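What follows is a pair of complexes built around chain A, which joins chain B in one and chain C in the other.
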Partner chain A sequence: MDYLDNLEQRSLYIIREAYSRYRNCALLWSTGKDSTAMLWIARKAFLGKIPFPVIHIDTTYNSKEVYTFREMYEKEWGLNLIIAQNKMAIEKGMGPECNEKSECCEALKTIALKKTLEENSCNVLLAGIRGDEHEVLVREKGISRQCMDIFPDTRNMQATILDMYQSEIKTDNRLRIHPMIFWTVTDIWHYIKREKIPVLSRYFAHSGKRYKNIGCEPCCTPVDSTATTVKKIIKEHEDIRAAGKNGKTAEPEDAYTIQKLKSLGYM
Partner chain B sequence: MKMFYHRKFSHNNFFYNSFPLAIIAQSNNDKVTLMARLLYETRSLPDATMGEIKRIAKELGKDTGFAFVINEVKKEQEKNKNLHAMHFSFSSGKRAYTIIDTPGYNDFVQGMITGGIRVRAVVVIIDASGSVKDQVTGYVPLFNLLCFENLIVLINKMGIDAGQTDFRDMKQEICRFLSHFSLRPPVYIPVSLEQGDCPIKQTSRQHWYKGPCLLDVLDSIQPAETEENKPFRFPVQDVYAIDGKTVIAGRIASGSVKPGDRVVIYPQEEETCITEINIFHKTKVQKARAMENIGIVLDKAVSVKRGNMIAHRNGEVIPVTHLKAHIYWKAGYPLKTGSDMTLLCATQRVPCVAEKIENKINASTLEIIETGIDTMESDEAGIVTLQTEYPVIVEKLSFIEELGRIMLEKDNTVTGTGFI
Partner chain C sequence: MNFLFLNQLLYIDPGTGGFIVGNLLPIIIGIFTAFFGIILVFFKRIFNFFKNHKIIFIIVIIVLLVGILIVIGVFILGKESDYPYRIIILGFDGLSPLKIESLINEGKLPNFAELKETGTFAHLSTTNPSQSPVAWTGFSTGQNPGKTGVFDFIKRDPKTYRLTLSMSQIHGESVIPATKSKRLWHYTTKKKVPAVIISCPVTFPPDRIYGKLLSGMGVPDILGTQGTFSFYTTRKVRTKDVGGNVFHVNKTNLMVMDLLGPRKMDISGKSDHTKVPFKVEIDDANNQKIRITFQEKTTEVELHKWSEWQEVTFDLGFLKKVKGIFKFYLVENDEEFSLYAGAINFDPREPFLPISSPGEYSKQLVDQMGLFYTLGMPMDTWALNEQRLTEEPFLEQVNEVLREKTELLEYELSRFEKGLLYCYFESPDIIQHMFYRYIDTLHPLYEKNEKYEKVIESWYEKMDNILGNVMRRIREGDTIIVLSDHGFDTFRRSVHINSWLRENGYLELRNPQAASGGELLQFVDWSRTKAYAIGFGAIYINQKGREKEGIVGQGQETELLKEEIRKKLTGWIDPKYGVPVVNNVYKQEEIFSGSLVNETPDIFIGFNTGYRASWQTALGAVPEQTIEDNLKKWSGDHLHDPVLIPGIFFSNRPVITETPSIYDITPSVLKLIGYTDKELEKFDMDGQPIF
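== the complex of A and B ==
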């Protein structure tokens, strides 16, 4: 078993454990690389058929490719896909261009997600967040043991040892579970390469630019890059990391990450 | 997570294959000096730091390089003092290592008991210029509670005139203190961390010492035995109905399994046979190994549920109702003998009672607490006998890790964690 198998098996165990303990789960899928990798592992966990809904938050500001990708794999992987949309806000013209970004994010993501979870009686949400995405997440818990023995949160360990989570459902009556918390961005790309997981073409460089995150079009800015293959993306990430003095995250803390965390109630 | 990075340590691959160790010393300066020695002399620093060292050495003389690293390590500690653990990585050439550094004993004890920190070796620095008795007896509760696998004692600051006889005398003195405990005998090494004698290489200053250096000892520690070579244990996680088949899902805690194996389901002790092993995207799986998440199909319709344990027939399974566990209590209120709780071990969940608190220490100061032994306050750690309502299958942590770690719960809140 190599290190990728080890990461995969740990995430897989957590996904099964979440379903075994709580049943009323849902998996959040943005069509981005992290949540697609999580979805891939969830399919392995349940031998092909995920027994709970997969939620895609649709702000209507995603790129066309996101919708094509979503439809294609919804069918191919037999997903019970639920589209979370705040139709009322969309009809009123809510959007990043005419509103404050945080206000827009709250309306189109947070409220849409909360409503969908309520409507579908889902109390437990599996999110494909990685621990190296943001400083806030270094302290995130409720996951699994190990994290390669390096996940440092044991001080407030109301929660976790081994792969046993906190049983208590949080005060807002929801539990977030992060099966991918101990993966780094480089691990994700290595896994995508090994498993040949389909990803959006926007991750690869076109005319010297590529996207690092997949979110609402107006809020995502492409970065300069010549990485046209997964192998080149891995090299790019390793170079960024090696240039840093310590283990600072390879990805910049961008508006997308903040929005993603906000919509999940972190900030 | 924060750590001192080297180019090649850029993702989890490094940590998966690296050897975790911890350093214990009364003075943080000694600890930092040893960490700096290991990082500096093995050239395991980030490219940017190495460049800076070269620049400083050129300007201020070559001895300044090491002082600079000490400073960098201290700065890193200071910057991350709110984290429970920091990680410093180095490579000996033979093997990669991660030093897990905690700000205080509390984080270390808690991390070790909960499994948040796992180390395969512990390096203890004894300052020969201070009271050896005080230092060693101070650590004894820690050694006793955490049962370290490999202990290496560095005797530091022995003085310029010290020789073979002084080292032998000091070694014997420490041995005497440790002899009361069933520890694996430690390895003793005389060092001068300041001068760089013996952590990495022998020097002429310590010509009388012919034994191995710290790095040699670390490199000689055998890799941990894989769980695969141990008896088969399969805690049942869930039961799925897939295409008309009943698939029993779980992760193999130890050992391996093949289709056709005769197995017993515990606690009902029902014997059956495995007809099929299911892994997504794989057909006709011939064997599954420890740490793999699989689904198994049995040859007859038996009643299996989450919390059951499957093992090979004659698999030496002993269900118990009494167990002695090393517990870190963190409930916010005291644990009293007679308190009822729920014990969790792998997927097993069983009501239990704290029958007896055998001994306890203050996890921050490592002080042994002898009074009020029928209660254990929050943030105290100790050895507790638990009585379960019905039999559970547990193993020693050193034997099968997954069945050696436990969690205690009351009203759906985790109150304590521990190991067997």
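== the complex of A and C ==
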């Protein structure tokens, strides 16, 4: 068994265990690499057919490619896809250009997600947060690396860490489960390469620039890169890691991560 | 640890045969005496012969000189290895890396945390299947089950469809080892590296080694079983338990009961148990204790307390005696009376069959630390499973076995100067098997209990303490390796593989209308059966020419059938929890290789966590349902797909891989003590040195 098998089996286990325990699960899929890898594992966990809904938060500000990709694989993988959208806010013209970014995120992501969870009676959310992203959480909130925590409904509430086996959902809380918590960004790319998982073309360099994350178009800026293949992306990440070890600053993904965490109700 | 239930079924009794203590000294003395006697008697003739045949005399002298030189050579070459350091291996059965990580994060395992921080921590790939005897044999040989022949708790003979245990077999005086493969201590012995091997599984009979070895899992009780308890009660309960015998008694102030000993054959060839009667005296005024008398000794047994060690001797006739030790536990003594007697262990001072190398080592240990459990799997898990004992006495017993083991390790560590020391702890496995129902809220037997839900965690802390004691004694150059043979998870649902095979048309019963078939595949219609299951996930194809009444052609027909079964099994979803029952299905050729591969199962099922082959399946039964809730206290397990439950690996040394395997440990140790890569290649191991 190699390293990736081990990670895959651990994630697989958590996803199955979550469903055994709480049938009212949903999986959060941004179409980004982490959540697509998680979706890939979830399909494996249930022999190709995921028995719970997959939620995509649609701010309407995503790139076109995201929508094509979403539709294509919704069909191919037979997903029960639910689009989470805060239509009211969108109609009112909420957007990153005319509002504070944090306000926009809150309205188009956090509120949209919470509403969708309520409407579909989902109490348990599978989110593709990685361990190395979670470092931000550890810094920000003092949350240790665990595969699940309670989704705080009130802003000031400290997320409660639960053991997989001993968890019970409290009435007002939702449970957030992190099947990818053991993974690093490099692990994800290695896995994508091994499993030949489809990813958005934005991750690869075009004219010397590529995107590292899939957020809303206006809030995402590409980085300088010549990585045109998964192999080259892996090399790039390994170089960054090596540079970090040599005392140079590693490239931060914090801004994106914080944005992502907001949509999960952490911030 | 799962095969105690086979005790009664596969009953092998050492007492029905004779037994000779393996001491060669008298034989050697005898031969020498005879030899010199002949020389003395025929001295004159020999002298005259050589006088007339001087060339022969010269040849004899040369032969003698060469012989002396060889002896000197062997002596010089055979001197103790100069490897100056100590390698300490702690084998913690069943410790899970996920649980350890989580407890380290909570700051509860300071010693594991320190080793992780300063050395190596990794998930350890285990054997497939991930059963303790298989895995520890894989550890000590560096070889997969296709080479060692230890691949499941239970094997079958295709020529008879009969089941046997895959542990060592006792046939009268001789014990046939479970594997012929060379073990770690064979290699240390060859290099004369002193080794101390404490209770490694599958070490009965004990190998003669350079150093000391105390046999572990596989040592039987005096009945030749893996532990049979006795339960004397006034309650109207069934008389046949899986792990023991139940005797009904009528409560009076003076009761006489029997301890069952090994079987003895009478002149007519009929064999029956030897018995030692004991007298129980009850004081009406005080129900807190009873007096028990047997073989001229009286002991007081207090209510809800384990007795001191009881010593008993069974007379087998022809001057043969078997000595055993055991403990009583007074379960209740009011209107109802129930007395429990644990399995009768070999007396380590005079074991009926040798349990250590050298033979007197077990006796020396008694001098040092008093009597101790010698049974390979000493914990009374079936007594708890069958509700003859409650959690409290069970826990007390497991604690006591752990105390003995810790004391033994402490003693050996205090005099351990160089070489290899291995010590095995079975209790984390046992504790997790029996107490998972207190931590898995989804287990059918889950109940909230603030005390017992902490037991598993506390055991991890106990193992951490043991590790701490060892770490404090480490000197520069020493190596610590800590490993478990597999992780652990919940066991919620029992899967009856034969029933699934029947439902899918691969197995037929002689009476097609029958709701179920009996144990040991006894009602199977072989003329219409393509595949059958025994053990904990093994499926055998009923192959023509291999099985007694095989119907499936070898080669392509078998291969197609294997593929078909694999496909169907992997698509099986349990309606209760909505998840797949099976994580992976392995074909023989994917997981086994080596000269014994033909004995291994054609298919091995890697169950999803929560699912396991049922006890009934292990014995070849065909119950009505295909899957049902596990309602036994044995609620945690590791007989799942090995990729889901890796073991742990810790060391104070860095390793060259992120994914060590249990097969890597022995070659790594051998490299440390001076074996070259070239030599290691010749040993046909499946692992690589990782240091």
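What we mean here is this: the second predicted complex is superposed on the first by the 225 of 267 C-alpha atoms of A that agree within 3 Å, B and C clash if a C-alpha of one lies under 4 Å from a C-alpha of the other, contacts with A are read in each partner's own complex, and residues count from 1 in each chain.
Here is the rule we go by: a contact is a pair of C-beta atoms (placed from the backbone, for glycine too) under 8 Å apart; a residue touches a chain by one contact, two chains touch by 3 or more.
Quick caveat: nothing in here was measured; it's all calculated off a predicted structure.
Undergrad: Report the partner of chain A that touches more of its residues: chain B or chain C.
TA: B
Undergrad: Between chain B (first) and chain C (second), which does A:E103 come into contact with in this model arrangement: first, second, both, or neither?
TA: A:E103: touches no partner chain.
Undergrad: After lining up the shared chain so the two structures overlap, which partner does A:E119 touch, if you call chain B first and chain C second: first, second, both or neither?
TA: The answer is neither, since A:E119 touches no partner chain.
Undergrad: Once the structures are superposed on A, label A:E65 by its partner contacts, choosing first (chain B), second (chain C), both or neither.
TA: Touch status of A:E65: no partner.
Undergrad: Which of the two partners, first being chain B and second being chain C, lies in contact with A:Y3: first, second, both, or neither?
TA: Touch partners of A:Y3: chain B and chain C.
Undergrad: Applying the touch criterion given at the start, work out whether A:Y13 contacts chain B, chain C, both or neither, answering first, second, both or neither.
TA: It touches chain B and chain C both.
Undergrad: With both complexes overlaid on chain A, does A:E238 touch chain B (first), chain C (second), both or neither?
TA: A:E238: touches chain B, not chain C.
Undergrad: After the superposition on A, what does A:A45 contact: first (chain B), second (chain C), both or neither?
TA: both
Undergrad: Once the two structures are superposed, pull the chain A residues common to the chain B and chain C interfaces.
TA: 1-3, 6, 9, 12-13, 16-17, 19-20, 45-47, 51, 145-146, 166-168
Undergrad: Touching chain A in the complex: which residues of chain B?
TA: Chain B reaches chain A through residues 1-5, 7, 10-13, 15-17, 20, 46-49, 76, 83-87, 98, 100, 107, 110-111, 114-118, 237-238, 240, 242, 247, 249, 251, 278-281, 289, 291-293, 295, 306, 330, 344, 346-347, 402, 405, 407, 409, 412-414, 417.
Undergrad: Given the complex with chain B, which residues does chain A contribute to the contact?
TA: Residues 1-4, 6-7, 9, 12-13, 16-17, 19-20, 43-49, 51, 131-132, 138, 145-146, 148-155, 157-162, 164, 166-168, 182-184, 186-187, 190, 237-238, 241-247.
Undergrad: Quick check on the complex: what are the chain A residues that touch chain C?
TA: Residues of chain A touching chain C: 1-3, 5-6, 9-10, 12-13, 16-17, 19-21, 23, 45-47, 51, 144-146, 163, 165-168.
Undergrad: Would you tell me which residues of chain C are touching chain A in their complex?
TA: The touching residues are 98, 102, 105, 123, 125, 439-442, 453, 490, 570-571, 573, 577-580, 583, 608-610, 641-644, 646, 658-659, 661.
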